[in-house]
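You will see two complexes here that share subunit A, one where it goes with subunit B and one where it goes with subunit C.
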Partner chain A sequence: MSAGFQAVQWNAAKIRYDAILLGLVALYIGGFIAVAAALSPPADVAGWIDLRLKAFGSCAFLMLSAVLAIGPLARLNPRFLPLLYNRRHLGVATFLVALAHAGFMVEWYILESDIANLAGELTSWADYLNFPAGFPFKTLGLIALLCMLVMAATSHDYWLAFLTPPLWKAIHMGIYLGYGAAALHIALGAMQSNRHPLIPILLFALFGAVTLLHILAARKAAAQDAGDAAQDGWLQVGAAGDIPDGRARIVAPAGGERIAVFRDGNIVAAVSNLCAHQNGPVGEGRVVDGCITCPWHGYEYRVEDGCAPPPFTEKLATYRLRLRDGWLEVQTTPLPPGTPASLMLP
Partner chain B sequence: MKRAHRAAHRKLWPLLGLVVGAGLLLALILRPPPEGAAATDGGFTVLETLR
Partner chain C sequence: MTPSASIILWIVGLYAAAGSIVALGFAAIAAPRLIGPPGNEKPVHTPMTLGARLLLIPGAIIFWPLVLKRWLGEPL
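Up next is the complex of A and B:
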């Protein structure tokens, strides 16, 4: 794969996803401001800025919680896969909403002619011991925003190809740190100065749900990762007829990466379970028109050799298969990506 | 995701949940009482009753 730049490839599904996203964000922020202003109308300009700060800040935290819940939800239940398809746009939109939130705070300081104090607040080191009510919670917001900036700036496929999927994924795990910082930003800021019970209730519920989903998804993956013992370099897959047509059975040698064994009619083929795009689980996808289709972003690979159909150039490592006494077995050493290795069933 | 990523996830989330969860809980428990609460009696602040 080369790291050439291509503009975002829009299609109908992405445009629909983004339109719904934009509509929901506008609805939430507009609704928040309208309801809050109706309940207690802001007295002055500063009051309006405060209202916008709250609307955009809470929207950003809700969106960040959603971004982080999609991954484990899709791993626990494939019904959530369509949300994963365009998750990066949701991530970038979250960063922009959080940036606007931070911008309103700067606007407030400019209005109060107090901008010099902002830097002073962040660097009054003694206050960092002043837990919880005096802690400079804005620093935690800044950490969260910087984490989101790195993710948003490297979100394009150019960076994915340039950094390689494993490194890109590792960097993008930095968003978990950002989420923790954002949660503490709210606990030490808004939750201290505002007694509304909804603040701790929503904060604990959202953070708790996201953490629980990640732990449950990781537990499910751990069971699958235990793997099976190979004999003389061959691993048993099972009866070929037991693999549903157009689907795969995923197997893993003990301590090794997963292998996806697909059946397309009377052809079986084994490929690496790691999609060349983002290391998505190709084995959870299906065969469409003779091509294995990754469930994450729809990348396609021919069943017979693991090569993406032209003009695309991605390739998956393939594995040798054999039938022994009616049982399908896969060799655990991968062949070079794109090597034809499918097997015709008798 | 590669095996190594899944292993990192498995260690990271319980740790993050514990550290941040403890921070959130402490921030809630140690939160100072709302302003004027100490001087409040039956909904009236001391200042109001003096007036």
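Up next is the complex of A and C:
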């Protein structure tokens, strides 16, 4: 969090994340080219460009799969939350690798003195009816690249505030269109030029794994959202001591919004589970220096009243808590955002 | 190049050219005035580094009609 906008709000975790990401990308691309060149040395310059095309293209698809897998993985197991924290850098890096892949394709056409035909190839409308043998699969790659461009270009916090969260979120759902287009781009490209069976097998295994993770995460969320029955407007949370110190238990009344009940030492507090920044799952975060810290982007809210510390003005809705026969209960009706409602445990 | 390819390239080129002009003005002048600092929805003159302004340019080229609308004082 900052009182103004910077290009990137660097911290030690982000630097470490980006360094590991860069190292893995370099390792994959370097390894791919080295192994492929050793197994089948390219005969000419066009062969080397083709090799780079495949290395960067496959790397971009793997990265895009990782971008989409991180969300459901973190939902299924909190150990993956550190990957979620800087996912936007992974997304921007994915776009840059995909852009390099597209650049090598243009380089290939320039080398073959065929650049004018590239645009013609994409606008040969009759070929779009010749599925899959003659379908211009590069168009699908272009659609995927454009989707990633829009995501990357609007990934800065400024755009979230400018476009408003609902519109920003709707735009960023376009990544699923991009992923589908990228999968089809690779599948058709492989079917039309390289008939090695390993490519479609790996492609659909990856696509299937990402889809399965989304289904599992959605089922878990649906089970949470089914909620528990509240009595007289109060919902049982459990024994306060069972909530790990500095962490939260997420509960939901039947048909209601999720509530995160945090324990910070002998203080308990209940807030809305939706971060005011990007609707991130606040309850999956932890308490740091008396502030609830959202696991997505580190937005902070004071435990006692759900208010962001000055000079920030974001607020979370809070909920009343009570102890009844040793059990902690939360009132299911939210209080106005920023209302002090924490409870001191005896 | 086919005629339809030429038409598409012209349209994309014109959109990007108009977007570039709007985006440069937006990043240089309007961006700090249109929204508040992070966590504050009230528009005030928000401190913004050169790096942040440069990062806004690609998004402003893509969404230049929205940017221009907001710049002229209309809601999105």
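Throughout what follows, the second predicted complex is superposed on the first by the 296 of 346 C-alpha atoms of A that agree within 3 Å, B and C clash if a C-alpha of one lies under 4 Å from a C-alpha of the other, contacts with A are read in each partner's own complex, and residues count from 1 in each chain.
Just so we're on the same page, a residue touches a chain if its C-beta (ideal position, glycine included) is under 8 Å from a C-beta of that chain, and two chains touch if they have at least 3 such contacts.
Quick caveat, the model's predicted, so the values are computed rather than measured.
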Touched partner set for A:G120, first subunit B, second subunit C, both or neither: second
Partner chain(s) touched by A:H214 [first = subunit B, second = subunit C, both, neither]: first
Which of subunit B and subunit C A:E314 touches, first, second, both or neither: second
Touching partner for A:T154 - first (subunit B), second (subunit C), both, neither: second
Contacts of A:A170 with subunit B and subunit C, given as first, second, both or neither: first
Partner chain in contact with A:F162 - subunit B first, subunit C second, else both or neither: second
Residues of subunit A contacting subunit B in one complex and subunit C in the other: none
Residues of subunit B that touch subunit A when the two form their complex: 1-6, 8-10, 12-14, 16-17, 19-21, 23-24, 26-28, 30-32, 34
Parts of subunit C lying in touch with subunit A, wherever the complex brings them together: 1-2, 4-6, 8-9, 31-32, 34-41, 46-49, 51-52, 54-56, 58-59, 61-63, 66, 70, 76
Of subunit A, residues touching subunit B in the complex: 131-133, 166, 169-170, 173, 176-177, 180, 183-184, 187-188, 191-192, 195, 200, 203-204, 207-208, 211, 214-215, 218-219, 221-222, 225, 256-258, 274, 279-281
List of subunit A residues in touch with subunit C within their complex: 1-8, 116-117, 119-120, 122-125, 149-150, 152-154, 156-159, 161-164, 167, 276-277, 299, 308, 311-314
